[in-house]
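Shared between the two complexes below is subunit A, which pairs with subunit B and subunit C, respectively.
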Partner chain A sequence: MKSFASRRLRNSTLTIAAMAGVVTYAWWSHVRLGHPAFVTGYLLLGMLAFLAAYNIRKKLPIVSWTTSAGWLQVHIYTGLATAAVFATHINWRLPEGWLEGILAAIYTATFISGLVGLYWTRTVPVQLARVSEEFIYERIPALRNQVRKKSQQVVLETVRATGRDTLGNFYSSRLEGYLEKPRGWYYWLKPSSRLRKRLLAELTEVTRYLSVPEQQASEQLFALIRRRDDLDFQAAMQWRLKIWLFAHIGLTYPLLMLACLHGCLAHLFDGGLP
Partner chain B sequence: MREPLKPELEDTYDRPNQAWMCGLTDDGPPCPLGPTAHGHCSHAVACHPVREGDRWICNRSTLRGGICEAGPTPDGECCVHYSCTPERSLRSQRGRFVWALALATLGGLCMILSSNWRNEFLAPGPLSVHHAQLVTRGGDQTQRCASCHAAGNQTLFQWLSHPLEPQLAEPTQSSLCIECHQKEFPAATALLAHGIDQKLLTTTHEVELTSRKVDPRGEFACSTCHREHHGANHDLTFMSNTACQACHAQQFQSFATDHPEFDRWPNERRTRIAFDHAAHQAKHFPAEKQEFACQMCHRQSAEGFQQTLGYEVSCAKCHDSDLETSWQAGVPFVSLPIIDAEILGDAGHDVGNWPEQATGDFDGPLPAITKFLLLENPTAAKGIQLLGVDFDFFDIDPDDPTHLTAAASVISALQKYLKDLAAQGHKAISIRLEKILGRAVNDQELAAIVAHLPAEDMTAMGETWFATAESTPPDTTANEKERIDGGGWIRDDQIFALRYQPSGHADPWLTAWIDLLAEATRGPHSKLAESLLLEIMKPTAPGMCGSCHSVDRNANGGLEVYWFAQQAPSPGVRFTLFSHAPHTMQPELADCTACHKISEAAAMMETYQNQTPNNFAAGFHAMTKQDCASCHKPGAAGDSCTQCHQYHALKK
Partner chain C sequence: MVPSEVVIERPRRWDVPFGEAMRDEDVDQLLDLPPFCDMDPQAFPSALPLRDLLKNDTRINHYPEGSIVVREGDYGNSAFLVLRGNVEVIFSGLDPAILGRQKTDKRGFLRSLVSMWRSPDLPEVRKQIRSQRELVADDSSEVDDLTQTRVFLQDVPRVLGSSRTVSLKPGEVFGELAALTRTPRSATVVARGDAWLLEIRWQGLRDMMSRTPALRRHIEELYRENSLRVHLRETPLLAQLPTDVLEAVVAATKFETHGNFDWQANFEPAQRMIPEAIIAEPLIAEEGSACDGILLVRSGFARLSHHFGHGHRTIAYLGKGQVYGLAEAIQTARDGQPVMMGNSLRALGYVDLLRIPQAVLDQYVFPNFSREELAQVGTKYATYGIQDLPYDSAEDSSKIDTPLLEFLVERRLMNGIQAMVIDLNRCTRCDDCVRACAATHDNNPRFIREGQRHGPFMIAHACMHCIDPVCMIGCPTGAIGRETASGVVRINDLTCIGCSTCANSCPYNNIQMVEVRDTSGAIIVDQATQQPIHKATKCDLCADQVGGPACQRACPHDALVRMDLGNLGELSAWVNR
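The block that comes next holds the complex of A and B.
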């Protein structure tokens, strides 16, 4: 823990020092009637290319430098440092042109998606660990089906064995839809246990009208509802861990392309001397 | 080998990094082979039955559920077929999404860059209104970027060729700026520091490059300070204090603490009109029972510059009588001196026919204007130089042959001048002036200096004076002066003189001759002309011009007569700007004396006896920085450099 804290302190210090260095250079150049935007622009472009190379490094492990975790650390702190370089590059004012506005918006979206991803990758695993067991994301649909089939089987067997349909009616009216359909989009954005609690409460209410065999079956249903909810929670949270990369990586290449175009235009339209 | 507890689920080996996944994954155990690399179902079977005798036996692995109940078909085929529609893995979907976005961006850029919307898309922001209204004129809006950028109307291929063909970057943006702004800023020096010649810069600035952030001897692109594309209302002329201090060695943190004292500013030179405020306030105005108020003589121009009202408004009431007295006898234009023709003849100088009444002992002056015109004759010029510009014939030493020779040369030139006047008229004057000044005299100038000099006067001077030397000319001056109140000529045939009667202050004839004399101080007869000018500008000379109008030596060594007070900032290099307008709006500054305090002890009029305008005693106490710093501080009136100083110092 101590080494983690000291590593974070070291990396943060280095990053802040680098950011301060860039801001200081821009001021130094500005007071000398220079155009620091060219230097900060090239620096920013280089940093973005380096950040994008992290994805290449994952695809080409043979050219790797240090471990993936090491790369990730450098990627995170470099990404954070780009904020200061970017702000210095645009001279702390919002761009007004279409190209520059779009470029700034894409950069901001990429940066924010990275921040969101960083936050999720630091918080979601902790939340996942609190759930009963670990599930592989790709297997969750199959496990959901398994839960649905199992609950259906339990209810049918009980109905057949007891000849009473109280549990069956409750299953068909309240549980079948829940177990068959995927959760709504709101749950994917903000998972909660509210529905699970309500269903368990309703099942508890029904229990007093059940016979002993049905009560035994309902106990299995309790477990299956919890499992289904765990699966849904795992799916939603793991989806978060995967979906932010769609935005983060997806925006990276348009960002690089527009940045290169912007750099070329800056040279082509530069207000130079005769 | 240990078998899994849940073989139907846990025997699978997930490969989320592969592009395709089995479509059966959601419902149960996926196909053991999985989809092909191109996403096709491999249509696998659960086992390959084994034939034992005439029976086919299922050999499905226990990992996949063991021997199935249905068993193989009669022809030995497995009864469990895996068939699905393979699905892309999330990783593959992400890859396609990334590619799609990248391609869409590339395609979008290609479309935009080849469309008419290219300029709008590439522009880093709206132009300021001053430039926007210019470049948006005309029909072809696609070319407007080219007004300021060479690359503005180039094709994508030309853009790509820039590294190989540097001439494609021509003309540069600064050149295009100057193309439009050459009226305000001379192209030769527009990009130099302060837009002025470097030699001039080094004379006004102490160049200490070691302590400067930027070498001010180089050229600066216009865009160094003027940043466009920041919106319609962006102030293009804004210049920060930081930008000023990039070149200036002396660093300022604030006006109040670091700015040097004003020294002699705003009185960097004496006023063009010699006016003793202290004497007028203390003596002359009270004597005339007049109120001494600044507004009686000064007013503020629309630009905020303090202007001085003219003579007629401010001075005429008291000084007109002085002027009339000074030219009571008129301004001599021509007069014949009394000469001793006998002595001159004995010395071998035949003066020819000279009026009897003007013959005797040497006596009489020559008018300054006559001397000026005689400079055309090199011999006469030498004679005048020998005798002294202010010579009088009374000073001729009859025993000195050189004096006699000089006097004879002057007399001879005078005779020729008068004969030419009679024969050629006004042309005799213009020809002489052209030789003296080295340039042609235009019609307006000639009209001013001859002031309708009548032909009969010229004939009389050239012919009658000399032809009727033995007779007594009639007295024609008795009533003549009263008849030419509006200015004109008075010929006195008794004393052989022609005088000009000025019409009043700023008489065009008198001022024209003074200006020509001043111009001649820059010519080959500079010394003689200078003496003649100073003679005619003496405070006691007719017209008393020199009483108020200063004579300054200018940069090229000649003299210059200032007829007017400064009514607007002078063209040339000017670093400091001041407008009275925003200051006099303040109640406590409405009274001029709040800043301009008259110095009663200053001997300011004495300084007009020389011709050096910068060597003077100001009639007002020097202003101090503290007078301004009480308001000009951050948070109040502000103390930025450009509030009082301008970068483009050269004004045409």
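The block that comes next holds the complex of A and C.
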């Protein structure tokens, strides 16, 4: 079995060689007063179409002659190579005009979203795997609800059994809001364990005023707070992995349409389509 | 609007007879023949009379000259009794082409595309619904059945040539080894002249054995004898021995079974008491005891462990074909005095072993090898005993950390030949695997992306197509079975009666019982009880897809793999990619 490192080395070498080939060709054509922009333009359009085709492959798991992983490797390195082709196509200058400007901006956004996605798909799973339990994204709201109900039940039972309201007061003032409401938008962008740590610290402080049955209940609350935080973390990070793909694919189609329009216009202004 | 219910009669055992329905006269004749005439009909309960067992769990097959009854390597769920004529058992491997092996019918791209396009929107829709009165019409893609066209050996004497064969006469039984141990057939059997055989479904054989001690002893004796001979011939150390020497070894070899054949019955309690589990496992050989020969694993698994602190640390697990104690036996022969065993050996579930005593090794086996050859063999089988590694075993397999080994052993996961292992450090939770599975199974995913975890590795709840498929124990209709040639365990939806026996037997919870609908979307319910009809469902490894398991092919990040967890070399290579 080949290691990921050797695969990365092989694919990078091939990509760099291909990029160098395109740049060399453009330079060679340019010095002979040719029009490399048409060749690089069609090459870029073809590459973009191929990149977009990956989404179709994902929708067709019955395709037997390639694996999704193999296609993704080609997708990644082709995507990286488009940067050199694009830069060569625009002659290493900022584009002029509205259409070209918008097209370049959408290409850049799609390229960057791809890079961000690549980084996240390599780093976020490791963070998710550190959580002791695995949660399926769609089930997380129901699991959160379970945590809330369980903690409420624990507190109510303890209050009824002991007749003391110390834990109940703490729950209603500090925990109820945390367990009932979803996390704020900032947490979704940058999840952190600060709130969990603070709540656990506060619960630890309160524990010294609790009776033995209440302390046993507080132990359960510790576990439930941690579980809720794990659920929130998994939800935020899994959402991140889904949303970037949504953005990346969402940008691809306008990019392809504008690129086709740009190609037609380029031919028209060059003397009409052949 | 979707209709709510369709009422049918609940399917039951024997709704679909084993083959062509046996006539009462046939059953009467069988009852006059041994071993059935020696059975006491009173020993059978009224719900399961001997007569009904013979009528429904057996069939009489006619085999013309040269037709193949069973092929070496096939998985079989039945044993045979020779009624008339002779059959030849061929022990040496014949060319697969001569045996008429054919590829499984695979769907092409267009057929798969159309099937995907036409997938019903509702879950678990069945195009064919079988009630008690409706028999299976035509479903050739389902689990194999001997009603299929027979394969013939052309020019039998030439094909057999110098192959070692044994002739079986009327009254003799064969095929019980594969039927009772859920292992592949160990030999090919061909009809010589016209032969009439009684084929007994293993469910029926099991029921007869449990109520007839004489039959049980007879079958066990056959099983022991056949198992011993076949396995010794497959052992690399003994394969090169001259026939007369091998026969001497065969005569002196002891057959042992440790643990419980129905190990899955008490598997879960053992799983809960993990720290003590190893002590509860039947001890076969203890570390520090004097070496008295070698043990060859015939089937099942055994744990190799070493004292560590107050407990036992797992070193490796041994499966079929692996050897325990060879290095010590070689050293004993060299030193002339017994060497202490380096590790303990315990049965995981159940394990069949062959014991070759030291004296036999000294007298017959070791003199056939040079000192260098013995040293090489000793190194290869020392401690790990891992075979089929693509590289030097000891060093690379040690890249699997002990906790991972313990995790696999404690949960009996090494039983899986096609376990779904997910590297959570690479899995982006995109569920492309689940979607791909659903797309290739009429919109019904056949696994759940959840399962037991060890660090970043998850063994998902997908059928592992185990070496020892305990799910097949107790299926009353034989609906669950090994597919010919591929070894894939599949469920015949048409003959599944929804009894949940397989789902309850699976120690890994990889079989799901589902309520089924007809094509209009209505839930199918039992006419008598008005309760929904259930069917067992599980991963079929996309046996009808050209490219293999869709889940693995759909994973964009190389996070998911279908893997033989019994092969530590393969696992080590994947873990250390």
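The rule is simple: the second predicted complex is superposed on the first by the 264 of 274 C-alpha atoms of A that agree within 3 Å, B and C clash if a C-alpha of one lies under 4 Å from a C-alpha of the other, contacts with A are read in each partner's own complex, and residues count from 1 in each chain.
We adopt the following convention: a residue touches a chain if its C-beta (ideal position, glycine included) is under 8 Å from a C-beta of that chain, and two chains touch if they have at least 3 such contacts.
What you are looking at is a predicted structure, and each value in this text was computed from that prediction instead of being measured.
Undergrad: Of the partners subunit B and subunit C, which touch A:68 in the superposed model: first, second, both, neither?
TA: So A:68 only meets subunit C here.
Undergrad: Would you check which partner chain A:124 touches, where first means subunit B only, second means subunit C only, and both and neither mean what they say?
TA: It touches subunit C, and subunit B stays clear.
Undergrad: Just checking: does A:136 make contact with subunit B only, subunit C only, both, or neither of them? Give me first, second, both or neither.
TA: In the superposition, A:136 touches subunit B and subunit C alike.
Undergrad: What is the contact status of A:197 with respect to subunit B (first) and subunit C (second): first, second, both, or neither?
TA: Neither: A:197 stays clear of subunit B and subunit C.
Undergrad: Thinking of the overlay built on chain A, is A:30 touched by subunit B (first), by subunit C (second), by both, or by neither?
TA: Only subunit B; A:30 stays clear of subunit C.
Undergrad: On the A-aligned overlay, A:10 touches which partner chain: subunit B = first, subunit C = second, or both, or neither?
TA: Neither: A:10 stays clear of subunit B and subunit C.
Undergrad: Once the structures are superposed on A, label A:96 by its partner contacts, choosing first (subunit B), second (subunit C), both or neither.
TA: After superposition on chain A, A:96 lies in contact with subunit B alone.
Undergrad: Identify the partner contact of A:268: answer first if only subunit B is touched, second if only subunit C is, both if each is, neither if none is.
TA: Touch status of A:268: first partner only.
Undergrad: Can you list the residues of subunit A that touch subunit B in one structure and subunit C in the other?
TA: 136-137, 242, 245
Undergrad: Mind pulling up the subunit B residues that touch subunit A in the complex?
TA: For this pair, the touching residues of subunit B are 9, 12, 14, 16, 21, 25-29, 89-90, 94, 97-98, 101-102, 104-106, 109, 120-126, 145, 148-149, 151-152, 159, 162, 169, 171-175, 191, 213-214, 219-225, 229-231, 242-243, 245-247.
Undergrad: Given the complex with subunit A, which residues does subunit C contribute to the contact?
TA: Subunit C residues touching subunit A: 107, 109, 112-113, 116, 424-430, 432, 435-436, 439-440, 449-450, 453, 455-456, 458, 545-547, 550, 552-559, 573-574, 576-577.
Undergrad: Could you pull out which subunit A residues touch subunit B in their complex?
TA: Subunit A reaches subunit B through residues 30-33, 95-100, 136-139, 141-143, 145-146, 242, 245-246, 249-254, 257-258, 261, 264-265, 267-274.
Undergrad: Using the touch rule from the top, collect the residues of subunit A that touch subunit C in their complex.
TA: It is residues 1-4, 58, 60-65, 67-69, 71-72, 121, 124-126, 128-129, 134, 136-137, 238, 241-242, 245 of subunit A that touch subunit C.
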